[in-house]
Each structure stands twice: as C-alpha cells, then as structure tokens.
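Chain IDs A, B, C and D follow the sequence of writing; residue 1 opens each chain.
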Amino acid sequence: MPLSDSDRTEIEAARAETTPTRRATVPTLEAMLFSAIPVLDHGFVRVVDYMGDDAAVVQAARVSYGRGTRKVSEDEGLIRYLMRHRHSTPFEMCEIKLHVKLPIFVARQWIRHRTANVNEYSARYSVMDREFYIPSPANLAAQSASNRQGRGDLLEGDEASEVLAMLRADAERNYNHYERMLNEGGADPSRRGLARELARMNLTLNTYTQWYWKTDLHNLFHFLSLRADPHAQYEIRAYAEAILDIARAWVPASCRAFEDYRMGAATFSATMLAALRRMLAGEPVDQAQSGLSKREWAEMMAALTPPTPG
Amino acid sequence: MPLSDSDRTEIEAARAETTPTRRATVPTLEAMLFSAIPVLDHGFVRVVDYMGDDAAVVQAARVSYGRGTRKVSEDEGLIRYLMRHRHSTPFEMCEIKLHVKLPIFVARQWIRHRTANVNEYSARYSVMDREFYIPSPANLAAQSASNRQGRGDLLEGDEASEVLAMLRADAERNYNHYERMLNEGGADPSRRGLARELARMNLTLNTYTQWYWKTDLHNLFHFLSLRADPHAQYEIRAYAEAILDIARAWVPASCRAFEDYRMGAATFSATMLAALRRMLAGEPVDQAQSGLSKREWAEMMAALTPPTPG
Amino acid sequence: MPLSDSDRTEIEAARAETTPTRRATVPTLEAMLFSAIPVLDHGFVRVVDYMGDDAAVVQAARVSYGRGTRKVSEDEGLIRYLMRHRHSTPFEMCEIKLHVKLPIFVARQWIRHRTANVNEYSARYSVMDREFYIPSPANLAAQSASNRQGRGDLLEGDEASEVLAMLRADAERNYNHYERMLNEGGADPSRRGLARELARMNLTLNTYTQWYWKTDLHNLFHFLSLRADPHAQYEIRAYAEAILDIARAWVPASCRAFEDYRMGAATFSATMLAALRRMLAGEPVDQAQSGLSKREWAEMMAALTPPTPG
Amino acid sequence: MPLSDSDRTEIEAARAETTPTRRATVPTLEAMLFSAIPVLDHGFVRVVDYMGDDAAVVQAARVSYGRGTRKVSEDEGLIRYLMRHRHSTPFEMCEIKLHVKLPIFVARQWIRHRTANVNEYSARYSVMDREFYIPSPANLAAQSASNRQGRGDLLEGDEASEVLAMLRADAERNYNHYERMLNEGGADPSRRGLARELARMNLTLNTYTQWYWKTDLHNLFHFLSLRADPHAQYEIRAYAEAILDIARAWVPASCRAFEDYRMGAATFSATMLAALRRMLAGEPVDQAQSGLSKREWAEMMAALTPPTPG
C-alpha cells in the first residue's frame, strides 16, 4: 500500500480546492490531478502540475498573440507535421510535473534522462520507508540465452520460490539493521546512532525512493520512446506506460502523432532501403545478398511483420 | 506601438476566459496574464503561462504529498535557506512562459542562456515586421574610455542627431530593399521574388523579432542576476527589469530571497576576506598591502560602500 | 579572403609544433589541424582541438581499463549496434572544438543547438570586420512557390543584378556608417564615438562573425543530421558539409554508421508500415486507401525511390 | 585492491605508447594519465583523456587564430578576470574524461550534476564485482545532533564494531545470494538463473560501480565547489579532492583563480553587507540588531574568522 492515511488526506485536501485561472486548462487531466496511479507493488505516479495543452504547441509554432489555434483539423495537421519533421521546440512549450515512488534501481535508469528537473527524497536528511520491490511470479524472468541484457522464460518451482525468499529476507534484514544502526529517537540509549548518510548504504537496490520529476513534452516523448519500448526493462516500462496514459489524457493530438510517427514507427538504414526497393520491385532478396547482418535483417523483417494483437 | 488591433483583440479574448483548475494559482500574476508590458520603443514582454508558486518550491524541497506548506514564516525560512546554500533544484520546479518582442541584437545576447525553451518567429517562413529599435537620446551613449565593453557619457548635439539619423535611415532603406527583393504577392509581376531565407540578410540588427521563451525559476534567476545587473547592456537590462517585476508578482518570497542573497550580495575572494579581517581588527589596510590588484580593490571598496538611493 | 597574413602566420606557427602525448591521436585529423577550410565567400571552419577517436567510443561502451578495443570488425560491429539502437552516450565521449567564421544569420540558426559550448567574438568589446556574405549567382534562389520555407528556381537577369547590387550596397553603406558612428581612434576629434555595443545594431545580418564552438560527437551528429540535410538552408548546409568531411577524417567508423543509419535512413510511421506491408504482399495500394495524407504519401514514395547519383 | 593484474597490464600498455600531436598538451597531466589514484577502500579516479589547457581558456576568450596567449602575467590576469566576473564560457573550452570506481550511493549524488557525459558499467549486461565500501573507523560518524544532514562524533567501542560487522556481513550475504540467483555459467544445472537486470536489486548501496565521466572545466569547477566543500558528504568529498589535485596539475592558473574566487570565497547578502559596513565604521553590531537570523549571523562570523591551518 503506497500511501498512508495522512498522505491520502493531504492529497484529497489538495484535490478538493479549485481556483479560476486564465491559463490553458485540460479537464481530463484535471480529473486525474494529484491522484496516485499504482505502479509495481508499492510504487505510483501522480500528476502534480502541468503547463500547456495541444493548443500551446500550435501557439508556439505560430508565435501567435492569442491561443493561435484555427480549425481543429488544421491544428492537428500542424502537430503531425511538427512531429514528423522532428521540429521539437514547439513540444518543449508544454511541461509536466510528476510525483513518483519507485525502486532505487529503476531511479538509476530514469535519472540518465538529463533534461529534466528532479527533487529526490533525501536519505541524508530523512529515514527511508520500509518498502521494497519484490517481483510478482509473472515477472520473475530468467536471463535470456540470446540477449545479454534481456529476459528469457520465467523461473519456476523451487528456483522461483528460493529467489523470492532471498529477495524478501535480504531486504528485510538489511532494513532491520539500517534501523538498528540509526537508533532513531535514541531507542537504545547506550548507542549514538550512525549518521543517516552512512546507514543508508546498507539498504538494497530494490528499496523504494520517491521524487518530484518535471520535464517538457518533447523530453517526455523521448523518455517514453525509450522506456515504453519492449526492449526497456519491465520495471521502468511499467512507469512509462502509466505516464503514456497520462500523456494521452493531457495532449491527445500530440500523443497520437507521437504514437504514429515514433512509437509505432521503424527506421530503415540506407542499406535496408536499398533491399526494400528491390523487394518492392519484385526481386527475391535474402539476407546474404542484402548487405545486412543477420541481426539487421531480422530487425527489418520484424518491422515488416504485422504486430500481433495484444 | 507594438501591437496591432487584431493582436489586442486576440489578447483580450484570451484574457476574458477563465476556467477552474486544481493547480497552484497566483492571483497577482493572473491579473497580468497575457497583457503586454512595453519595453524599449517597440518591444514587450507578456506572461503566457506559468507553473507553480512559492509553495511549490517548498513542496518539492519536502517531497510532500499535499501542498507541503506549513507556517508562512517556516516556509519563507526554508526558501531563504535553499537560496543561501544554492540548493537550486526546488526552484527548478516552477516554470514560466513569456512572449517577447525584442531587437535581434538583444536576442543574440539572450539566447546564450541555453537552459530554456525557445520558439522564434521564422524569417525563413514569414515576413518580418517593419519595426526597428532606435535608442532614445537618453540612451545614446558614447563608448566608455575606461571600460572596453561599457558606455560613457551621452552623445550630444550634432553627433547625436547624425547618429540617430543614420540609424533610422539605414534601417528604413534596408527594410525597403528587403520588401522589394521579396516582391510579396507578386507586386511587380516581372520579378520572381528572392527567397525569404535570403532576403532577411539585408535587415539590420536592430530589427525586432519575437519569440516564446520558457524557463524554470532557477534559470530565470540566473538570467536576472546577469542581465538585471548594472554591467549588462542597457537594452537587455530593460527586459530583465520588466521580468524581475513579473517574478515579484509571481513568487514574492523566492524573489525576496533572490534579491537579498544574489542581486544585492557581493562575493569576496579568499584574498579579499583576509584584507577584510584585518580591517575589522582595526588594522589600516591599503591596496598595495592587500595582495589585491587595483581593480579588485576597487570592486571590494564598491561593495563596502552603501548603495546610493535611487 | 578570410584570413589576414598575421592570422596565417599564427596558424602556421601553431601547426609547426608537435609534442608527444599518451592520448588517443588521429593522424588524418592531425594533418588538417588548425588549417582553415573555406566555406561561402569569406567564411571558414578550422579544427582547433579534439578528444577521442573511434576506439574511445568502444572503450566507453565497454567501460574498459585500457583502450578496450578488440578486432577491428568487432569494434565496428559494436559501433554500428550503438548507432542503430540510439545508444548515444558512448558517442558523447568524443569531443571536437572548431573555430568558425560565419554570417550572423547563419549563426542565429546554428546557436539553436544548445548542447554545445560557444565563445563568440564580442561586438560589445571589439570592432567587427568589414566582411559580408553575398550569395553567388548560383545560390540566388527565388522563393519556392510550393514550400513556404524553401527555395525555388534561380533569379535571373535584371532581377538578379538588382538584388546583388542592393545587398552589396546596403551592407557597405551600413558598415561605413558603423565606422563613422564608432569614430575609432578619435579620427574625427569633434566626436566622442558611439558605444560599440550600440553601433553594431546598424550592421546587416549578412555581416560575418566568428566563434569557437565545441561539442561532443553525439550532438555533432545531431547537428549534421539536421543541417547537412537537403531541407536545411543552403548557407548552413555548406558549413555542415565541411564538418561532415572533418568527421569522416576523425572517426571514420562512427561516421559510416551515422551515414548508413541516420543520414541515409528513412523513418516510416505506423500507418506507412501498414501500407508497406500490403505492398510487399503484392496488394495494389494508392494514397487514397493508404490512410496517409498526400504529403506523407509523397514523402514515403520519395524514400522508396533510389537516390539519383550525385 | 581496486585493479586486477590484467587491468594493470592494460593500463601500463596504454601508458607506454606516445604519439606526436599538434594539440595543446600538458606534461604534468600526461605524467598522471591513465594511472589510478586510489580513493576510499576500493575506489579510484583515472584521467583517461583531456582537451585544452590554461592557454585554451585565453584563446577562446580572445577568439584568436593561434594560441592567443601573450605574456604569462597578462594571461593569468585575464583568467582571474573571467573567473571573478563569472564569464564561464571560456572555461567550457577545456574538457576532461575520467574513469571512476565508486560506491553506488556516491554515484547517486554525483549523477545529479547533469551537464556531463556518463557511461556506467551495466548491471543489466554484466555481473557486478564483489566489492563494497566499508567505512574506516575514522569515518564511522554518528548522526549530528544539530544538523539533520550532517555527521557528529565518531562511533566507538561496541557500537562501532557492531555497525561494521553488520555492514560487512549484509553486503557479503547479499552478494552471495546475488551470485546464487544468477547461477552464472550454469554452475547449478538444475537452475536457469535469474535475469541479471533483476538479480542486481539484491545488492546493497555500498556496492562499487564504475563509469566513464566527462565534463568541461566550468562544470568541473561547479562540481568541485559543491563536492570538495566541507558540507559535502565525506565519501564524495574524497573523490572531489582527488579531482581537485588533477585540476591543479592540468590547468594551474585557472585552478588558482578558482580556489581564490570560489572555493575560498564567501558571499555576503545585502543584509550582511549593511551590517559589515556598520562594523567597518566602528559601530558595535550584534546579531539582534543586524537583521540577520542566528544561523546567518553564525555563517557570516565564520567567514570573517581566519581559517585554521590544516
């Protein structure tokens, strides 16, 4: 359970209040504002604030005095044009701020996206919560045999049970020792308590942390294109998918263009294009003659195969 | 006059509408929203959107679930602490978007602040307005004799008149030729019209351009600390001062901390501190013994002299 | 002629000296070091310094203790893999520093690439050179009728002559007035001379400026993908093409991967991929049934047409 | 012991080779190149590459054709001027690349410096080393009673022994379980082995990781001003101090300016300056009348007290 009762009370208090604004406002996103969308076993994503909407992209592209919008179809056409031709600056004119609770090893991947603003809960200053990510059995994957940084089939039976037991016991024990080292409130008066900034090093990488994370729509799309991708590690993908749903509520036209031109798109290299042209001309082409490596050939064929539903 | 009637109509239409929001809202800034604050002879700054307020700084610093604020005095104390110790990330949690009309030579200084989002009016795509910055006589300064990149006294008499006449005539003539080269709308049917992306090169650097500019509060303060400073060129300082007024309306507590700890502050080097300690101990210290260069000594003395009112 | 005799002497003196280093060194780039590659009528690009080589990309990807390289074919395979899968951080481990002389309107496009370090010649501090870009007749293009931000056919005859004459005369006159306003060295003792920071505003946008520009290889490739592209304005493309030649000399394997997977590649949207699959299955597909707009259909067809040689 | 024999052999091979270069070269830094400077119990910092020297700062500030340097005293004066007036762009023209081995909890602080390039050893792709940071008894500090994010006195006696024993045992046990979950090489043929990207979550935050880290001199100084500061956590400060020594060898004049104007400097707020002026005029001033909070008064007094030697 990610939130305490007092957290919920604070959130509900913030949700209850509305004030009038002259700014661009998105009712579907307002409806979600502040609520926590659960992710993994103890994590969440909450929208805390946002700036702009689809019309703000159009307004900036046109450097206009008012909203800058015209007919809906014309605006969507412009948004699609901007996305297709990688004119990224108008998308930078929208901004979103999220509150996220996530395991530390996920935070370490996420933070590599540098064009964002971050305020993380400080384990130098405060005591971490006793919450750890333990994969569900449906996500307890073996190492892939073919892909050094991928997952294969699921672990089963005794191996699965033992792994889960170790993950649980080690996280718990290390947290118990963390608490004992801290000696918060002087529980044991014979001890001084280790500095928080040192004690935290005993925690495991599946301990949950939390942060405020703020970025613009262009960089959000870049994040999603890498992290909502099937090659991303499942745990960060779970967050990316929650955020993709948020983006759909916030900027539906921009998001449609993103899903068509980026998420669902494929890039073919010069050599791939040459092979494709021969195929379209009816020539038989195989990997050996194509000039492509086996891996590239497989990647191209995958892109040319209809996605399986679901 | 920076705005056409149709621009004004668009602005007023945008101002007239309000919608309810759950987001942090700042009534004093709402009152200014969209209106153009005049700067220089044809320029302006307009607030188009904003995210966050003083409480958002506090909320992010505390990584809290609700607004995160406590007593007003406690919140202001935290903001002052963050500013004094250069904890910049909580200030990055506020964002502002401005529409600015400014001469190109000012835009060229401004754009050096890289941590910002910009959409500029495109002279490849559109025709530039016939508007040029001509300094008022009160700003027509001679080259400083002592400071290679500064201004000295004002030009006067014939020299001033001649300079103003040259600036005006050259900008006008070059714009006339720009229009003739463009031949927009095929005014002269015997000409094809030069490409816009080429014709613009005939314009002078005091031609006005405009852009949408968006940045976070930390980077806004950095911009102001450099551009609202007396060493900044007067023309960009005029914009910075208008923006400082906006910041005061938007985030008054953060702005007070900024003005106390950054704008009005002085930094003393290790060598200056050594001299200062001797002075406070009652020792007579002069430049020669201080270990400081003449220039540094003068800078230290200036910081220790009360600012003259006004 | 972009360089004075004393500039040439300085450059040759710098070229004459070599010292031993343990750092990664690229002989083909060393041979070009410091020499000015002419661009446009008075501009140039000079490599002033560089860090890393193809092996440095491999070394960083492997986080290795030594050079980290293995067999040449394995290293090139890794580089191609990194480029194909947009693993950009290893390419950020190479850095290059250029000295560029370029017209101001080109500098204004260039500076939008924010992830770079720039030191520009200061017109507040120094006097600008009397050098302007005047397009050659072969680049004096009319406005495109079909593309609002593109070029059409060349101007010819009287129109061309008049345009060139206006560009030349206006730049010259404005520069003469700039000099008169400055009154450098007190040529006219009855005048004080206008501040340099003001006088510069009388210059035209085709006046040459110069800067030191430093960026990493990932961002250099991003710059080249946008600016060496046929849609870029000819004048900045001329610089991008000179820099592409430099990149080929510096990091040949990375550059081959870039040209195959980025410059020569095409991205197909989800809708385009669906159409493509039907075409490969032998179905007749036309624009109307494809779900693509006319513009998108034309873009897809262009990507599927063999590039014409030259 | 941070390096294996084969690591040392690779390093020595790289050190043995030199090639001639026309680039700026710094012999004192060349002498250190590639060697590992030990930090903490198993960490290190190694310089892998660098670009530029003190003269490159001067060259960029002058946008010059050759080295751009004049008399040594004039160059150092310019460097000091640039540092004092926060003209940061010339310092961005120097770049350094380091290979660092560091505990994960230190890496998490370090990565907040966003303007840098990073390639970290991947625990999705590879197996982490069995190396953990265990504080020496001289660094096993209690939580500070007065400063929520600081350290107080050292732990002693039984408490110290127990803490060290827990840190050691927990890190070892969790690593043993990590290895058992991985089942690398199929050691136990009845198990499939958990995916590396999952198994890593069982490791503790004092596990060592390593990365290539590259930044420019301006951002390096910013890093040092925050992380070589007495308020920084000891563990990251140990790295910052090693890097400060590297900077002194690399760019001695820039580093002297940095240590005088930034590291050893103090900033006084507007209110502090007003108090200071009264003190210099001989007025008695105490905290109550100064307008400063107790904390600010203490900070000002600390800056006005001579630093104790050592």
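Throughout what follows, a contact is a pair of C-beta atoms (placed from the backbone, for glycine too) under 8 Å apart; a residue touches a chain by one contact, two chains touch by 3 or more.
By chain, UniProt protein names: A, B, C, D = Flavin-dependent thymidylate synthase.
None of the values given here were measured: they were computed from a predicted structure.
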| item | value |
| --- | --- |
| Comparison of A-D and A-C by number of C-beta pairs in contact, larger one | A-D |
| CA centroid of chain A to CA centroid of chain D, Å | 29 |
| Rounded Å distance between chain C and chain D, as computed from the means of their C-alpha atoms | 35 |
| Whole-Å gap separating chain A and chain C, where each centre is the average of the chain's CA atoms | 34 |
| Residues of chain A engaged with two or more neighbouring chains | 89, 112, 118 |
| Topology of the chain contact graph, where touching chains are joined (line, ring, star, complete, other) | complete |
| Chain A-facing residues of chain D, complex | 103-105, 107-108, 111-112, 114-115, 118, 122, 124-125, 133, 135, 140-144, 148-153, 155, 159, 163, 166-167, 170-171, 173-174, 177, 180-182, 190-198, 200-206, 233 |
| In the complex, chain D residues that touch chain B | 77, 80-81, 84-86, 89, 112, 226, 231, 259-261, 263-274, 276-277, 279-280, 293, 295-296, 299, 303-306 |
| Touch list for chain C against partner chain D, complex | 3, 7, 10-11, 13-15, 17-25, 27, 30, 33-34, 48-52, 56, 59-61, 63-67, 89-90, 92-93, 95, 97, 99, 117-121, 210-212, 214, 216 |
